[in-house]
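A, B, C and D are the chain letters, set down in written order, and residue numbers restart from 1 in every chain.
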Amino acid sequence: MAQNEMLAMILAGGRGSRLKDLTTKVAKPAVYYGGKYRIIDFPLSNCANSGIDVVGVLTQYESVLLNSYVAQDGRWGLDSKDSGVYVLTPREKADEGLDVYRGTADAISQNIDFIDAYNPEYLLILSGDHIYKMNYSKMLAYHKEHNADATIAVRGVPMKEASRFGIMNTDHKGRIIEFEEKPAKPKSNLASMGIYIFDWKLLRKMLVDDMKNPNSDHDFGKDIIPRMLNEKKDLFAYEFSGYWKDVGTIDSLWEANMDLLDPKNELNLNDSSWLIYTEDVSTLPQYIGKDAKVKRAYITQGVQIEGSVTNSVLFTGAVVGAGAKVVDSVIMPGAVIEEGATVTRALVAENVKIGKKAKVGQKNSENIVLVASNVKGGNK
Amino acid sequence: MAQNEMLAMILAGGRGSRLKDLTTKVAKPAVYYGGKYRIIDFPLSNCANSGIDVVGVLTQYESVLLNSYVAQDGRWGLDSKDSGVYVLTPREKADEGLDVYRGTADAISQNIDFIDAYNPEYLLILSGDHIYKMNYSKMLAYHKEHNADATIAVRGVPMKEASRFGIMNTDHKGRIIEFEEKPAKPKSNLASMGIYIFDWKLLRKMLVDDMKNPNSDHDFGKDIIPRMLNEKKDLFAYEFSGYWKDVGTIDSLWEANMDLLDPKNELNLNDSSWLIYTEDVSTLPQYIGKDAKVKRAYITQGVQIEGSVTNSVLFTGAVVGAGAKVVDSVIMPGAVIEEGATVTRALVAENVKIGKKAKVGQKNSENIVLVASNVKGGNK
Amino acid sequence: MATALGIVSSADNTIHVDGLQDYRPIGAFSFLGRFRVIDFPISNMSNSDINRIQVYLNSRPRSIAEHVGSGRHYNINSKRGKIQLLFTENTSSRSIYNNDILAYKENLDYIQRAHQEYVIITPSYMVYKQDFRQLLDTHIQTGAEVTVLYHKIDNARDYFKNCHTLSLNKQKGVQAIEKNLGTANNKNILMDTYCLKKDLFVELVNDASFMSSIYTFADILNLMCKQLDVRAFQHKGYFASLTSLQDYYHASMELLDYNTASEMFKSDWPIYTRTTDSCPTQYFESAKVNNSFISNGCLIEGTVENSIIGRGVTIKKGAVVKNSIIMAYAEIEAGIRIENAIVDKWAKILHAKTIIGTENEPQYIKRQDTL
Amino acid sequence: MATALGIVSSADNTIHVDGLQDYRPIGAFSFLGRFRVIDFPISNMSNSDINRIQVYLNSRPRSIAEHVGSGRHYNINSKRGKIQLLFTENTSSRSIYNNDILAYKENLDYIQRAHQEYVIITPSYMVYKQDFRQLLDTHIQTGAEVTVLYHKIDNARDYFKNCHTLSLNKQKGVQAIEKNLGTANNKNILMDTYCLKKDLFVELVNDASFMSSIYTFADILNLMCKQLDVRAFQHKGYFASLTSLQDYYHASMELLDYNTASEMFKSDWPIYTRTTDSCPTQYFESAKVNNSFISNGCLIEGTVENSIIGRGVTIKKGAVVKNSIIMAYAEIEAGIRIENAIVDKWAKILHAKTIIGTENEPQYIKRQDTL
């Protein structure tokens, strides 16, 4: 795509409270996933691979780590002359005197001057906490082809679950005729993915109006999209059919990691034509010890395994001591499972130490255990 | 210097109201200087050339432009694996509910977590709006040599002006025994340059204490330094003798530009062993037209001159039309002096157009005229 | 959306630019003061959304390797995109076998491994502006098997001597490709720029190397243009082939017309280059400069007329430079007169009183020479 | 504060590693799966605060040029610092004249133009960890004119055959530098690492090229060590010279001892490399892996023992890999048995049932070969 034809804005604000202790220090988009990645690597890599040069990341709360993580734009190749990843924190004061964005639309409105500086024709709006691979330039081609005012990416969900989503009802050409937020009786199964392409000039006008509207929640789903439909704008649905996962809970984060163990997993991170880029770390390769047993596992560089690992995902610098057993678990960076310890159906957070012979998690637990602080040895 | 031995923090908050309309849209450190630079290029290039890898830039107010300017860390070579320039905006709410830093020390205090992430031994604190070339690694060597708790860079000022500055009184070894803010009867002529090196562990402790002190202004000059002296810490003065200029007013900004016209100017931007880095623009080289007259001028790429230029500094993309005269002036990027216009003792702001045959400024004016909006042609 | 692998080719050994080329390949020549010739083909590619680029180097690779580097200054995404430098290994740089086909043949792996369906080949020794998306679209629309870029000129007797000319039929089909023998002034000059499917390109490279080890890509195309649908696409605007010292000098002087130059440098088609971080140029009291392009970092006390001055050049009081190209970091001492000359990088003109060439035979002063 | 220009030298033509070196210089060899040999000398320099580095390339420069790139992954400031690639031009890569002195001689400008007072020269074909600040400090303190790095070994009869040995006096003065003839097991191996003033270095290069056009830097030093104060500085810790296939294999296998390896890779002395952005490695149900280093991006269904596996390698069900080095993107089909072998990049072992070498003579499988 031509330089700055389309700018991307990633809404990365959410604290992700359902991810519990994983997000006390980091914003949800900075949470680890898949052995070496952070969630936000996915939208950022998608942007880079789609030929988008400039990305704004809209953050709030205490997100020093997220901010300095995304500021290293070279990680996604977005460091050429006129490219960049820019962290955009809230600047206006909301009604309650808090320095936060009041809604998804407000987050964009507060950064109109930033966007104007690049004078893009189109604006792509993304969410920072979904796992998927998507070529936004194809979505833009669809947008142009339909002469749309806005295009919204949708995916088919099982009909019985449709009432949990924002559902787009379209005509046979893909034109959106109705949008229903969590409808009791859904008329279609096309759920919004929170990915929008707008004609920037039009959106800019609507945002300026919306800012002045005291009754608005300043939200794309609640305000902007309904108003566009009201005004008979041309909104089109772009159907996406690949792997997509919202990792909003500990269970779904665990599940998304487990998906990678499937030899036929749809996400296929090994595809060299659409790589996901992330932080580069200096470590040894992974070392599998003399008496180690490793099967059905997804393991990255810097991991050292002396014990047994089954059906698990291990992140950079994780250590599994001799005689330790890791089953059906996710072991985040730098976590150490000491000798003889057992970890089952658990998600062990960054740098946590599971002491010698300690036991964590249960084989048939309903939920996945999040282990966010050190566990003492089981033998004292 | 070893990776992350010393981190630099640049205080770039000031709106610079004495620079009038030049700073309505940009923060003072983003103001242009010297034909192709912005003021903040100086501390950032000094950091890069001194071997400092990580720089935090502390900004506030509406500084989108400054923020995205410094975020392009490749401009100063600070884009290698573990290097970076990070924009740090205020995160805590000050007493009055404003999202600003309450004082220079508060700006650092609010970013303790950022600094801790790099675990530096020393912290360098700089101001973002001075023009000078300085090797901070030599200052660090001096700091180590004296086993100092803090080292403050000072420069000699004429004794009669000393009462306008913060003055350091030192013993014969350079140890600071007293600090006086604008003393009526100065005992020395060593003025603080607002450049500090601290032992980070010690400073961190003092900042945490200072944050709890309700009577503190949270300022280095007013609170931290006096308290360190009170507590008999080892503070040393590091004397700097090169070119140094505070460009806080239109007159001093103009003057600093004029200094460059001196064939023996002390700043010497042509020295290949200490380059000042800045934004890279794609333009033609400067073109001097068939009937142009150029003498005593400092001119950068992308400038087109058809008229006459004397004793002036011209920035990227400035145009001087046929028959136009530019004398004793500073013409900022993209400004156009149309045919037959005359500009004298003026500072013409970015993209401003001086219409045909218009006259701006006077030969013997007391102050320099700032021309911040278009001037109509003089012939209508 | 069709995508193309970009290939920047190197001049083969039938071409030699006196003097200048002893120190670097043509792609590394300084052009208009602050650019290098290779900035033009790479900027064309970058501006045309081509971000997977191979640069072939058959001799003296240092200067281009250093200048091109990671390609970030050309706005190439450093992860998704890539500028790859490819070298010729198995023959010396002076060998007659060291031509474009050998270079492609030795690096065929890297061509075949690319994901792109098409290749666009552009020379590192010509300067022009071209949107390759337009070339590729036309190529696909017409159904041609090979599309080549050409430029109509009216001075083929005196210039473009090292270039090929095209014979075209009414449908712009290419009938023959021959060396410009200077037999007439009006010619269609082949711009050594080709657009074709990658698979066909690989096939042609293999065919050429099978037929003769000194065949070039132009040779095989000439041979095959009877069998293949080879079409020509006309380029308009500024065009320069820098394949002789005269052509180089002439092309540079043409750009002293500010309108021609600014036509070539529009903001919607930036020409990128590597910055050297030099400061602005300082003009002293005694400076007298007219109709010249001056790069940054110069110290000018003397007189400069109708000239192109590179970065960091010093021109002392009383020195006169006319109709000349002075390359980076050269020093012209007080009182020296230079006309119709090309002074190479780092040269010091200290003692020679006058250096005077003619419009058709510019005087060349060697790199780092002290005269 | 003394500063040094870093020089990474290339192996000359007396050294040839069978097989591997047909495709790339030793500096580009894969090492321990995810590194290349040249990562070690460059990381040593970067960690020692040397950020102006010259890398000399005398043959097949592509892989190193691509791997080193702008040097940002080595933490070199991209403005103030610089990794410069310098090429040998005037002779073929196979010529006996193509040695280190010729390379320095041809690029003497770039050495002399550097601002640094000292040079530190380190080879691109040896692996070790060394703080060069310590070497430089010692050099200055002792007042030596040249300081060389050496390593005491006890297996000189079998290994380090292409290296030089040092004879030292009691004061660690160098008495002679000779080829290792394998006459005894205990030897001081010259690590081809030198610290000296830049001016003296330039003088020695000029002397060497004046005396004989096949003299190497070690040769001239041997000759001059009677006149100059040449001292040796002992290196301790892991040291490998990769100047023969046996030495390469042996050195790799030594690192399978996790303690040795982790001693070499401490967090206060990172070894940087270029990331390939490959995803983690996937172990399947049938995988059985022991005492091995595995890089990212592999798909492992088979058995791997005492081996080093490069990036993106596929090892199918029932395949057995023992005591071997498998380089990036190789594929080992189901049921195949590989022992004591080195399988080069992109090789496909599809049909050969067994590939078995010995500890002293590892079997080598060529790049991109299909067996």
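Simple rule for what comes next: a contact is a pair of C-beta atoms (placed from the backbone, for glycine too) under 8 Å apart; a residue touches a chain by one contact, two chains touch by 3 or more.
Please read all numbers here as calculations on a predicted model, not as lab measurements.
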| item | value |
| --- | --- |
| Chain pair with the higher count of C-beta pairs in contact (B-C, A-C) | B-C |
| Most widely separated chain from chain D, with each centre as the mean of CA atoms | B |
| Chain B and chain C, separation of their C-alpha mean positions in angstrom | 41 |
| Interchain centroid distance [CA atoms averaged], chain B/chain D, Å | 45 |
| Residues of chain A engaged with two or more neighbouring chains | 74, 79, 81, 275, 277, 280 |
| Contacts with 2+ other chains: residues of chain C | 72-73, 79, 272, 277 |
| Chain C-facing residues of chain A, complex | 1-3, 48-49, 51, 53, 74-83, 137, 141, 273, 275, 277 |
| Touch list for chain C against partner chain B, complex | 32-34, 72-73, 258, 261-262, 265, 270-273, 275, 277-297, 299, 304, 308-309, 312 |
| Residue ranges of chain C touching chain D (in the complex, touch as defined) | 59-62, 65-66, 69-70, 72, 79, 84-87, 89, 92-93, 109, 277, 368 |
| For the chain A and chain B complex, residues of the former touching the latter | 62, 64-65, 67-68, 71-72, 74, 79, 81, 84, 86-87, 89, 91, 93, 97, 99, 111, 113-114, 117, 280 |
| Residue numbers on chain D that touch chain B, as the complex places them | 1, 47, 49, 51, 71-81, 115, 272 |
